[in-house]
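Given below, in the form of structure tokens, are the structures.
Same chain, two partners: chain A is paired with chain B first, then with chain C.
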Partner chain A sequence: MAPDRGPPSSSHSNNTKNTYLVYAAAALLRLFLFGAFPGAGALLEGRVEVGSCVCGFKARTGKAKTTSTPQAPLLLALFSLIPTPHFHLITALLYITLDLLAAHALVRIAESHQAERTRLFKSPRTGEGWDSWIIPAAYLFNPFIIATCIGRPTSVFTSLAILWSVAHAVGDKPMSAMVGLGVATYLSMYPALLVGPMVLLGYDRQEEEKARIGASGKRGDEAEAAEGNEKEASSSIWLFAAKHTAVFTAGLAWLLYISYILTGGSWEFISSTYGVQLLVPDLTPNVGLWWYFFIEMFDSFREFFLGVFWLHLGGYVGGLCIRLRKQPLFVVVTMMGIFAIFKPYPTIGDTGLWLSMLPLYRHVFGLMRYTFFAVSALLYACLLGPAFYHLWVYAGSGNANFFYAITLVWSLGLVLILADSLFAVLRDEWEVERPEMRGKEIRQI
Partner chain B sequence: MDDGPDSMEQDDRSGIVKGEEASGTASRQPKRPPPETPENVWLRQRVVTSFWIVVILLGVPVWLWTTSIPRSGLPLEDMQAWADGRACKPAFPLRISIQAPDLQKAEAEHLTRLTQHALDDQNEFSAHHLRLKLRGGAHSSIHLNGSVSNEVSATDNNLDLFVDPTRTEDDALTVRLETDSTLTSTEAELQDHSRLLRILHPGHLVPSITSSTSSLSGYIAAKLQELFYEEQGMIEYILTSSHTLSGQSTHQSSSASRDSRPRSSRLIHPELAAKLASRMTRSVQYAPTYHLTFSLFTPAATPSNWEIESAIVENLSPLLDALSVVSNFTVDTQVQLHAKFAPSVHPPEFDETAGVWTLRDEDLSGFVNAAEWPLSPSIGEGSTLNFILYVPESQHTPLVVKSNHASNWLVPQWGGVSILNLADDDGTSRGKILSKAMIQPPLLIFSHQLLSLLGAPQTPQSLPLQLQTLTRTRAASLLLSASSTMGSLARLTVALPSIAIPETVSTAVESTLDHLRSTCSALKAGHFQQALNHARIAEAQAERGFFEKSMVGQVYFPDEHKVAVYLPLLGPIGVPLLMNALKEVRKAFAARRAKRRVG
Partner chain C sequence: MLPFLFTLSLCCLFNALIQADGHYRERLDLTPLTPPSLLASFQFWGNSSLKSYEQQHFRYIPRSLGQSLQHSRTEELHLRFSSGRWDDEGWGAKPHQGRKEGGTGVEIWAWVKAESEADSSLYLLHGMLPREVVCTENLTPFLKLLPCKGNAGIASLLDGHKLFDASWQSMAIDVKSVCSKDEDLCSIEMEQTVDMVLDIERSKRPRHDPIPRPAHKESLLCDETKPYGTDDACFPSEERRGQSWTLAEIFGQPMQGSCLAEDQSGRVHESLYLHVPPERETIKPEHAVESKSESTSVRTYTPNATEPFDMVLSHLGPQTFNSHELPALFASRSITGHGQERGGIQTLLTNPSLTTTIEFVYFENLPWFMKPYLHTLRSRLSASSTSDPELIKDTIYRPALDRVRGTQLELAISVPANSTMILTYDFDKAILRYTEYPPDANRGFDVGPAVIKILPTTSGSRDQQPQQQPSYIRTTSLLLPLPTPDFSMPYNVIILTSTVMALAFGSIFNLLVRRFVGADEVEGWDFSYARVRIGGWVLTLRDKYLGIGFGIGIEKEKKEQ
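On to the complex of A and B.
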């Protein structure tokens, strides 16, 4: 396994070779799927699991001319540039490229080894993780991601923006990370909740780099220098946060302004893009938990529960940032999981993205307790979900409760994985404190 | 599932570890866990606090803001005043112009004055009164009773103008005095299509300037009184029984309509009152739009078509155009062959003496086979009036009603039926198509039926006058109905303090009251068409305000239901939050006490 100070060069080149092999295989697989099943895109884009009403293919193309589409204007402009006769081919190539770029961002995140050791924390299991070429493979060959790629929803753009933002943050480029997050927020709004963890991540990486440079100058021990630096640097975290939040805001404002110019000087797109995300007027079924609830809710309590649901989604940020202060990357990963479960219009693309980020924490997989049960629940939901949807919508022999029950099972499985991964990471952290407890069972009293 | 991070955090922080009892060799006594580090305690406190900060700083304001009941202020006092009739005493001053081209100006003025006196003496119902106005030469426009006319007097010379119903819409009637020395007594003549009452009199009856009575003025007064007798009765009926009228609308609480039963009217003749009551129940409720459906039903296969479109254009459209000042109309037609009677209806019986087939009177109510004949109950907004032309089979022709041998009748609040008995040329040639000429008589009957369904008076014969009466009565009933809706809304608002009054309701109420005021003043000024227009808007706005959707949603929402709404979702979130907060607070107290004891 890779030692602490970076893998040896032979293993490194091997890794790179494998990475490119993975890329090529994934691209070929996608090209084959696009070519062999030209109807698959049309089939998948209509599935509620793949393209929800706010990011589906139809929302992008069919209603492109009206102002009521929930898509960001810049994306619409991008798609209107694609010549119609080659639309299928060009979008296929575009989405393959997007997937490969996302995978590359994951590789960069994996190669930084931030999952195993951060500025403030070094996992006792460092080195037990997977080689960095397996991470993009887990992403590119994730069936959820492949289905999403074929179905071509616009959420892929958001995923890519988030991944690139994280990659820049771990690569000690916090400014570009914030701009990337601004793009993601501009596209889908909910990534704005990631500002906190991303600031922490960027700050930690910056301090770490500073310490490393300082340490290499003094030839001292890295960890000691980092600790020494910690105190004098910690005063500037608020300044860092303010500066980077400003960058984020400026980037977002700039994009909004461009859209304002593009739509002919009208702010109407704000309410049609973010209003749909925020107020959830479209209750078309999806794999999330919101639609059924708001169908059943009394009208007079609708606003209140909109507030409750959004606060529930946003309320985790603070607690997670405090509790996992030593591992800000894992806060981002956990937030991705929370988004995939609790955001208004989730798709399996969001789930796929989160499940593809989890392999970064391969070293704590051994500490997870309910893997079998959670995976079974997910498989169960994957098999029965489309069947129950068919029974309800097409055959008419079921009702909405059938599908909703399955989305509940799906969410239950995801919540289990989420909680279990969180437990595993915390247990891993705890073993730093109590090294003698490694490999032993624990019990809450 | 909401307490993921919380409970996880519990798992390892306060989590105490039970050492794996390694193969039973170790002592049975459980190991004591090492005490928590202060750093961990502090961390946990901060996590709990961060969740509570979200709850208190964001959750509570959201809760207060989204569940507050918006109650925009309503002018309750005003609304109740309108409902009680305190805000407006509707008045119906009818202006009648008098033309006397043959008379001297002074004579004419005197005659007018005398007639007005005679009218005032006879009138018992103050809300509805006739005002005479002399229109003579270019400079002699006299307004009695101080009523102000804004007409341009220069046009008054043109007599034809007064025949044109569109020009002098504020004048209810024009009386033209014409001297005809060949006559021995006074005669009056009112044409069916005009608002011009011609009074032909032998010249010697004109009162001299000094005389205080005159048979001519008495005659004119009596004639006018006769013309407007029925309308006066109708308006009085409407005004006195306003609460019954509004009681018909469903939203009026039953108790409110019960305690204000119509007072028995002293002024209307009981016979007329009974007639009016039956007519009012027959006529349909006012709607801004009526859908007229003309249907041809026949039990046989012929006639299979009718020239209804051109017949309607010729026979009905003029009436509908004239009626368009009161309501809008849409027209549909349909043909239904092989339309059988309902099984409960007795088949026609042959009357030997008259040589006709007869329908029993008691079967008329079941004549329309509602179950099988495709008569849609309503098309969109507004009420539907059905007019059925029934062509009996040739072996049952002619078909009439048994008691009076009539071939048409009116179905109250629903429409009319007319039986068309085709002249049967020995059964040889029953035409497939009903020609325009053949359906003209039934269409004329339908137009009469339409007028009575709309509540037009029977007298006078003149259609323009009937329309005017309709305008005034509709304005009066809409005014009262909108007012009573306002009253109901005001009572509802007071009675149910928990229902929301959104902004739209208060603007609708505002607008209703505005238009009610305009209606009232337009009525008083004698601008009846304007009054009707305002009253229509007022009624529509009042209904809109009363039936506001977001308002009725919470009418029946007791507090117990709120528990059911809040608990299923907020319970699972709230319990861990609350328990952890309590635990932290207790630990903090315990730690402080321990410290003090040590110190």
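On to the complex of A and C.
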């Protein structure tokens, strides 16, 4: 089936023009914020919501290449190359560039229309999505993303790597996608869970492109070609998966080897970079659920609950891949949401990234049931979170429970959006077989 | 009878052959400081030859300590117990040039030989316990290490009530080996020191009645130039006047004779040294021997070995005081900033000398939960506002490892004459696990003091003597408040966080596993159907109990249906 290449060229060039306008406006806004509020950077990078202990700016500039730093060695090397006199200006420009690159990756994902139709699925609501220039606007003007840009944590590099890897996967470049995912995994461990969905996405796109080229090439004998394709499909997906997992592993191994050489021939950086993520020794408050849990935990149960939390984080990807086999891009988006809520050191940057990827599924927003409630909960948490943190740590008139309660509300709000978006996509998928149920009440059994 | 005599003589012979050698000496220095205070320094020296030490013949070195040191392969031990604060400006330089003082709490450093036989190098181990409260339970075993066990000699003056009521006290144990030029004449020396600064007024309160009472108006030193309304109170006079005191009043009991004052040659050592100018009048008992020297303001007393010894320093006569020695450096350290997320350290180092630059090494050992940022270290003179990196000659920095070791920071600093240097850096505070907090978590954590070693100078100056040995100064310890979680919450946190995770997992699991059907297609629990049925029951009940009056209404409904 030849995929519809989209709207006619006049609105396509309109899209492109609007996209560049959006980029320019976002860059100007960030430059203005960096310039007009020079103290904002120092303020935001110190805030626990923006920069956690593993990706904070001060943690990076303050500590030299010692074993106590939780940063990836290549990132440290990159930052040590920046000359000190114009450090602030150069990092500002660097982060603005990173934001624009991430927005461009989102544009590529939106323009491929993978959200609305994949190789195995075509949404009945195709055409209700937003124009592709609105997606980067949703990313670049998202207040969480702006705050993250000003605060300059290193999680932006991981987000960019993931986005580019997805963009390459939907652009039928699965090898580059795997290398990108390797870079993301090297920087923080958790993108390794995206290997499965990314393989599926890459495979689907590759098969789609092959079918398109095959169909446009020779028109005859389509039935025979389709039959042969089906037999090959099941074995070739395993071959595809094996090949690309090997590419991912090789990329990751190569990056680790370079870091080994950079740190003077020792593997100690592994325990300080990945050990910190895995074993959560640093319990600085952040917007996640892990820190207070592991503060109040008695030592004898620590390892058990660490295992439970990591198992919980990693347990979603299998079920999602099986159930949403037809829409691997949505599996990636949902996994981004699960990372934003349940990873050890989340920041609002991760939340902002996931919320910016959700507009790709604008066509199912009408099926979501609890939007108002979830947005209210998030707004409540955004306003009270910094206030209660201040009351606890600075004013001394509140205690840790206030801030902890807000992190619970924040997580619940995000869980609500996650579950709701999953419901909406599943219902949309179901309505392909039952088109008469559009607008009717349904139940799950 | 005969076998008994034989055994006895054999024992005596044996004893004579293997008698442990060494000698013992003790000394008490009393120095009145600015009038309300008195510095009392008790020093006890015991030594033995290395041979008898290794053969475990302990006489003047206590067996308990000696055997512990041998078992742990310790070559040299320095143990300090301190509490209180030394007033630099009022009292001058620390006694023994700060070498016998440790940080608040307990401090220990030792040279230990390596574990394996092949490695013969010595390792220096250093530890601090700033939170430890030094009290009588530390004094009692300290006294038990002495040969006379604190029952005779100057140690009989040491009483827990008086010692720990002092403004500042420090107890020290030093064990080291001293070798003469030729290697086979080595000996082990043990020195025990107790220094205290007593407030005379407070110490004179009797033990049975420690409540402070207002002084009688005759004993008040009034400033006559300033009249006051009432008769029983007046403005205090600026004139410094010492009080009279006796040893029994200050320490609670007189000195019980002397301990091993006679050495092998038969000479009796003096045990009490009083540092007052020659004009001051003292009264001593007859059986004691006093010797004054006109050139130095030191008077020595040799008590009788068996009689109790007491002496009086009278307030009569000219009231002159020994001028105190200025300390070489004034140091004070404090925490800056507010909030429990981050803070800063500020250290003020003042060189009072008008002519010489002072060189010293500033050593800090910070706990791991205090994470300094070395790139924020700034040093400037108080006169200028810009940082001057020339002041710090050298830096040794060893970063912390979480829960393993703390930060070690060592700076070689030189401060010019008559100036104050301000050293600042920022640090972050960590939040700890539930079990890592002490019982009174909101009091905060104690951070050990900074140790400043003033390097020996070769040339003297007008106000200071050239120092041959380094002298030490310690700043005060710091109280670091850390963010605390709510300690009543472990169960609640577990269930609340688990609830959120269960809600997430449950919702997503339900969505993934269950299939969609229309609302009216499913059997069993159907809400709209249930609604109709319950509505019907309500109407039936209404008809039954409210009678025919509503019969017309029911008829109407039935027609509509």
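Keep this in mind: the second predicted complex is superposed on the first by the 422 of 445 C-alpha atoms of A that agree within 3 Å, B and C clash if a C-alpha of one lies under 4 Å from a C-alpha of the other, contacts with A are read in each partner's own complex, and residues count from 1 in each chain.
Heads up, the rule we're going with is that a residue touches a chain if its C-beta (ideal position, glycine included) is under 8 Å from a C-beta of that chain, and two chains touch if they have at least 3 such contacts.
Being a predicted model, the structure only gives us computed values, none of them experimental.
**Q** Tell me which partner touches more residues of chain A in the superposed arrangement, chain B or chain C.
**A** Partner touching more chain A residues in the overlay: C.
**Q** I'd like to know which partner A:P285 touches here: chain B for first, chain C for second, both or neither.
**A** In the superposed model, A:P285 contacts chain C only, not chain B.
**Q** After the superposition on A, what does A:A36 contact: first (chain B), second (chain C), both or neither?
**A** A:A36 contacts neither chain B nor chain C.
**Q** Determine, under the contact definition given at the top, whether A:G318 touches first (chain B), second (chain C), both, or neither.
**A** A:G318 sits against chain B, while chain C stays out of touch.
**Q** According to the stated criteria, A:I295 is in contact with first (chain B), second (chain C), both, or neither; which is it?
**A** So A:I295 only meets chain C here.
**Q** Report for A:W430: first if it touches chain B alone, second if chain C alone, otherwise both or neither.
**A** Touch status of A:W430: both partners.
**Q** Tell me which partner A:L418 touches in the superposition: chain B (first), chain C (second), both or neither.
**A** Both: A:L418 reaches chain B and chain C.
**Q** Touch check for A:K440: first (chain B), second (chain C), both, or neither?
**A** After superposition on chain A, A:K440 lies in contact with both partners, chain B and chain C.
**Q** Which partner does A:G307 reach: the first (chain B), the second (chain C), both, or neither?
**A** First partner only, chain B.
**Q** Considering only the contact definition stated at the top, list the common interface residues of chain A for chain B and chain C.
**A** 293, 298-299, 312, 315-316, 319-320, 323, 411-412, 415, 418-419, 422-423, 426-427, 430, 434, 437, 440-445
**Q** Which chain C residues qualify as touching chain A in the complex?
**A** 338-342, 373-376, 399-403, 430-435, 483-486, 489-490, 493-494, 496-497, 500-501, 503-505, 507-519, 522
**Q** Could you pull out which chain A residues touch chain C in their complex?
**A** That would be residues 46, 58, 61-63, 66-68, 281-285, 289, 291-299, 312, 315-316, 319-320, 323, 341-342, 392-394, 396, 399-401, 404, 408, 411-412, 415, 418-419, 422-423, 426-427, 430, 434, 437, 440-445 of chain A.
**Q** Name, in rising order, each residue of chain A that touches chain B in their complex.
**A** Result: residues 293, 298-301, 303-308, 311-312, 314-316, 318-323, 411-412, 415, 418-419, 422-423, 426-427, 429-430, 433-434, 437, 440-445 of chain A touch chain B.
**Q** Which chain B residues qualify as touching chain A in the complex?
**A** 1-2, 4-12, 14-20, 34, 37, 43, 46-47, 50-51, 53-55, 58-59, 62-63, 65-67, 500, 550, 553-554, 557, 565, 569-570, 573
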